[in-house]
Every structure is written in C-alpha cells, then in structure tokens.
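Lettered A, B, C, D, E and F in written order, each chain numbered from 1.
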C-alpha cells in the first residue's frame, strides 16, 4: 500500500489489517509480532473463502486510506480516532502502527486520543491504556532500519 | 432445547449460553471446550442468585430462538448477524455453534458475515477474524458421533 | 436490482437506499413517499460528489444483498435485524420495504423484531414502535398493481 | 405498576412505555401528551400482534423496575442513566417522567446526567439538551392534582 | 473560541455546541439558524443549573479542540469523523460548521465522510445524507461577510 | 478520594481507574491484583504525558462520583449500570470494586445487573458472566482488615 510500511503490511489487498490482539495482554512481550502473524493468517483465510462482497469490502477499506485531498497521515489519524470511540483495540493498534510509520509523533497521537476521550467518554479509558501500552512497546522495539 | 444440540447445551432454561472466551486467544487449543465449561459454571452461578428479572430474561432469550413462523436455522443466523454488528465475540461463538448444529454451511455463514461487515463496517473485521478462527477450530474437531 | 422492487429503487448502483425519515413522524401521512424522494435526491447528490471510496462502498452495499447461497429474503431479514439492534430508523424502514417486496409476512417480520429486541434490549423498543408504525402505513397503501 | 404513576401509565403489562417523540421537537407544545398517546397506541398494536417472545420481554421490562432490594427511585435513576449513555431520547423522556413521579429532584436528576455525560462523552450532549428541555416542559405543566 | 467563528459560537465556555436539529428535517429552510438558537438556549439552561461536573466537562470539551501539536482544522475533522461513526446528527452538524469556518473544502469533507463510512458501515449512510444536506444548506446561505 | 477505598485507589487525581483486565481470564488467580497494578502503571504513564485535555478529563471523572445530592453509593451504582450497558469489562470491574467498598450488597448488585440486562439486551450476558466472576473472586479474597 505504502512503500515505507511494507514491514507491517501483509498483503496488498488488505487495508484493514486488524488482528486478534484485542484480547491479549498488552504487557506481554511480542504483542506486535503476534499482531502481525495472526492478522496475516486470518486475512489469507478470509479472503481465500472467496465471498465476493467481503473481498470487495476489504478493497474499499484499502482505498479509503489512500492519500487524496487529505494526506495519508490525516486519514490514519481519522482511522485512529474513530477506532478509539468505537472501542476496538485491534483497530486502535493497527492505526497506531500506521501513524508511527507515517511519522505522527507521540504528542500528536495523544491529541488524537484526547479528542476520542472527550467525544467517547470515560468508557474509552481502558482502550486508551491498552493503546498507550501498545505504543510504548512499539517505541521500545529495536529500530527496523 | 433442540435434541441434536444437547452436547452444547448446558441447561434447558438458558438460551443465551454465551461464554467468557471473548478475551481468550482463538488460536489456542480447547477454546470450544473452555467456552462450554465456563458458560455452564457461570450460568449456574447467575441463575442460582435468584434474581427474578434476570431469570425471566434468560427464559425470554431461550424462547426467542424457538422455531415459529421462521425456522430455528434462520433465527440463529439472525442471532449471529446481530451479534457480529454489536461486536460480541462470545455471542458470535455461541451462534456459530448453533448454526453448525442446525446445518448452516460455511458458505452460508460467510454470507451472514458479509451482511454484518457491510452494515457494521471495518470495525467488525477483528470480530470476523476471531469468529472464523473459532469456526475453523470447530470444523477441525473430531466428529461428535 | 430486483425486478419487482423497481418502484422503491432509485438507481441501480445504490444498495443502501436508506433515507431521512428517521427524524420524521411515523404517524404523518406520506412518510413512505417522502422516504423515497429524499433518498433519491441525496443518493444522487452523494454519488455525484465523485468520491471513489464512497461510490465503491455503495456498490458493495448493493452486492451484499444479492441472492447467493442465501436467498434475498433471508438477507433482507438479516439487514432488518442488524438495523434494529443498531437502532437506525431509516435502515429499519428500508429493510421493511424490501422484506415486504419479497413476500415476508407480518408474522415473520415480528419474529425478526423479537430477535432484535432480545439481543438489543429495551433500548430497541422506540425503534420497534416506529418500525411497526411504518409497516402499518405501508400495509394501508393502495395496491401498487 | 405504581399507583401514583397511573396518569402516565398506559397499560399494566407495559414497563417500557417509550414512545415516538425521539424525533419530535422538544420545544413544541404538547410533547408530553404526544409522548403518551403515541406510546399507548403503538403498545396496543405491538402487544396485539401476539408474538410471545415480545410480550414476555415487555413483562420482564416491567418486572425489572419493581422495587426490591433497591427502591423504585434508584432503579428509575439507573434506567435514566443507562438510557442516556445509550442515547435513546424516548427512553430518557420516559425515565425522566418516572423519576419525577417518584420525587427525584431536578438537582438529583442533573447528577444522574453528569454521570451519563462523563461515562458516555460529549456525544451525549445533544440528548442532554433534549432531556432537559423535556424536563422543563414537564415542570411547566399545570399540577396534575 | 476562534475569532472567525463567533457568529456560530454561543459562549466561550462551550466547546460542544451541539444542538437539537438531530430530529428536524434537513430539507426545511432555516435549519442552520434553528440549530444555533436552540443550542444557545439549552446551553444557557444547562450551565445555569450549576452542576460542577457538567460545567467542567463543557470546559474540557472546549479545551480539546484548541490548536496544539495538531491544528484546529485537523481536530475538527477528527471531531467530525468520530461524530459520524457514533451517528450523532447534531454533533455532525456542529463539526461541519466548524470545518467550514476553518476552510475545510467540500472535497476534503467527503474524504472525512469516506473514512467514517468505511469504519462505521452502511448504518452511517442515513447520517451521511443528513450531513450532506446540512452542508448544502450551509453552502447556499448568503455570505456572512 | 474516599478514605476507605485507598487500598484500591492509585492516585488522588484518577477517578476512572479502569484497567486492562478486560481481556484477561476472569478465572485466573490474582485478577484483582493485576487489575490494580496495570491500572496504576498506565495511569501514571498517561498522566505523565502531560496532555492538558486528558488530564482535565481525568479530573472531571473523579469529580463526577463525589457525593453531592446523590450519595457515592448511588453514583457508583449508576457507574456500574452504565458500564454494563456499554459493555466495558474493565469499567464494570472498577465499579464493582467501588460498590463493594461502599457496602453495596451482592443482592443489590444483581438488581443493578438486571436493569443493565433488560436495557442492554442479551448482548450484555457475557459481560454479566465476567462481572459476576470478578465479584466472586473479590468475595473470596481474605479480608483486607
């Protein structure tokens, strides 16, 4: 999808790339890797089932985040904020990954979080904690370069 | 409730039968068994607390899925689709179990998933992944006959 | 999309066809007609804005309800139940229209409602009332033949 | 259900009593009366359809708010707070009516609102405005004595 | 809050400024004006009730959208996208107003809509229609200069 | 915040105190302790990030539950019921802890659960099971005295 994100991208026709770590501990080591391997496995499984509407939905999902009048950075922040108010941990993790890839700083990320918290209420807080824990794990990984 | 589903049913007055595997890994072995044992244990605990409104709610839940003008198969598919748009992993697991018992094929199940995905949006995808992983584990179990 | 529904369909590339009557009184005359004219007007406006992702989403929406392993009738009932638990009056109205077109009886419709009510809780009741009022207005219209 | 609320109660087997004013202007005169007449009409219609699960659900709904270990006042405040975070205007109106009947003061009501606002976020604000407008109309009605 | 938006702002300590037009027809003339007058009236009423937690929540709401590491434009787009996936018509109207004030173009706005539609699903469509109708009314108003 | 709850309270400026056990097994030993340590760690991390809007939101959250016209007990029950209909396991755990601290009996707690179940529907049941399992673990802990 975007050249600088290929180490997180599984397949070119999958824009969603959300995964199963929603119910895994954010503090256990290797969450980011687990995120990526389960995502790849289940994406392949689902797209292999050959349901046309589902496959086309995944295509629309990819298309949605491609830069247009708004750049990819802004779109990923929109994806992050909407995921947070809808309280989907996997979606939050995915968009944090994408935002990091596109150079969104931690301070900017926290401003996205603040909008989500105010709009969505205290019910968002547990997701905020897990999102920040995921971000911290990501920041502590050795450089990918 | 239905004769061919007794190996998944815990007690006759419990139509919900949702369980705690929502936050357990879908890839770990034995998820289906764990689903059933925790469900039974907590159902017994909750109904034993003797709160009349809760007990009657469980009764209505059972009644809702009994065949009427619509057959049980259709009703379980309705239960599956609504659980998916409301993004409740345990409810999804339960209705996948029921659909399998009633002979809904995997291809039909994926069409139910496609309606839920389109109606509910990409936020549904993580639940779709976990639902399909649960379905796969179920398909890989040795025949119950 | 389907030959017998053309009097409710606005354009062939719009499967959603939800409209603005969500906030209009269910008891006022002409709600069904208003539903259709606002829907057509706004569909044309939105698709005319030429946003690729939105246009393709509308295409997926249409595709989702096309008969496959499940017939159109079952799919529309799935659309109705999911709309009701998500509490979207316009979506409910649209799927009631489609269900009627496809021969779903009122008694069957009420069984769909009962699943939505049990799954979604008492919070669904106001939407059930408006949905039934819409169904009644539809039933009272002179035959389209 | 409760003797002092009979002027707002339509029928003894209807605990929900939510109505269609969700989409009507809170500022127009007679909203409270309209609330009650539409509610009664649609309750009769729905219960007359004779769907067993729906009828029993309505029964559970009534039972839920009957005084037990918690008094009716506390239960109605719980109903009000949950309705507000789920953003159901009709449900909010109904529980405001019940709270007023049971002597909950405006100041207490605002504390219920504050919990709902903090838990549910700024998305609750439009419902708070309409709820307060409904409360004000109720307070301005001539005494029922 | 921002100098060029004072004709839409009611009071400096109210960042939410959502109003009651959620349930009013988007096609009727004067929706924008009605939006502003009801908002002002009810804001004054609610803040006058002197509940500390509610007042401080309104303060946080204002603070959230003030420019920081992200500019006001980006924050308003985040507010718009989150409002749309949470399906709050008044919140959508408010953030469309703010986005227009800050120079967000219609094409950019549609890209925000496309993210909300993909993330939130077809259930978002009725709100998209009303949002676009509101935007169109806004565009047709005589220049405020 | 309240003197008798200091063993569960982490810091005085954190009213939310929700934690990450949402995705951990309710049956594993030590869930209550894990709840508290992750909560403290992530609260410190988030508040240390020094985002003003987020910090002030946490302050409002604390303020909301302070006794006023309604006592702390009633407010915590409101927090519990709203958390349950919004289906947030961590929030449910937190408010069960607070309710226990304030002397809410198990029977009263089940009446709060019954309101949440009726209002929110069967989709609430998995959260009810996990909430009751958490309550049971709490009841089995050796006395803190």
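Here is the rule we go by: a contact is a pair of C-beta atoms (placed from the backbone, for glycine too) under 8 Å apart; a residue touches a chain by one contact, two chains touch by 3 or more.
Everything numeric here is computed off the predicted structure, so don't read it as measured data.
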**Item:** Shared interface partners, meaning chains that touch chain B and chain D
**Value:** A, C, E, F
**Request:** For the sequence-identical pair chain C and chain D, determine the rotation angle of the Cα superposition and round it to the nearest 5 degrees.
**Result:** 120
**Asked** Shared interface numbers for chain A and chain C above half of all numbers used, same, or below, different?
**Response** same
**Complete:** Between chain C and chain E, the Cα-mean centres are separated in Å by 27
**Asked** For chain A and chain D, what's the span in angstrom between their mean Cα positions?
**Response** 40
**Asked** Roughly how many whole angstrom separate the Cα centroids of chain E and chain F?
**Response** 32
**Message:** Residues of chain F that contact two or more other chains, please.
**Reply:** 22-24, 53, 57, 60-61, 64, 82-83, 85-86, 89, 91, 107, 111, 114, 117-120, 122-123
**Request:** Please categorise the chain-chain contact pattern as a line, ring, star, complete graph or other.
**Result:** complete
**Partner chain B, residues of chain C touching it in the complex** = 60-61, 64-65, 68-70, 74-75, 77-79, 81-83, 85-86, 91, 105, 107-108, 111-112, 114-116, 118-120
**Item:** Interface residues, chain C side, partner chain F - complex
**Value:** 85, 117-124
**Message:** If we count contacts the way the header does, which residues on chain B are in touch with chain A in the complex?
**Reply:** 22-27, 87, 89, 106-107, 110-111, 113-114, 117-118, 122-123, 125-126, 128-130, 132-133, 136
**Request:** Within their complex, state which residues of chain E touch chain F.
**Result:** 52-53, 56-57, 59-60, 63-64
**chain A residues touching chain B - in the complex, by the definition given at the top** = 16, 18-20, 22-24, 38-39, 42-43, 45-46, 49, 51, 53-54, 57, 61, 82-83, 86, 88-91
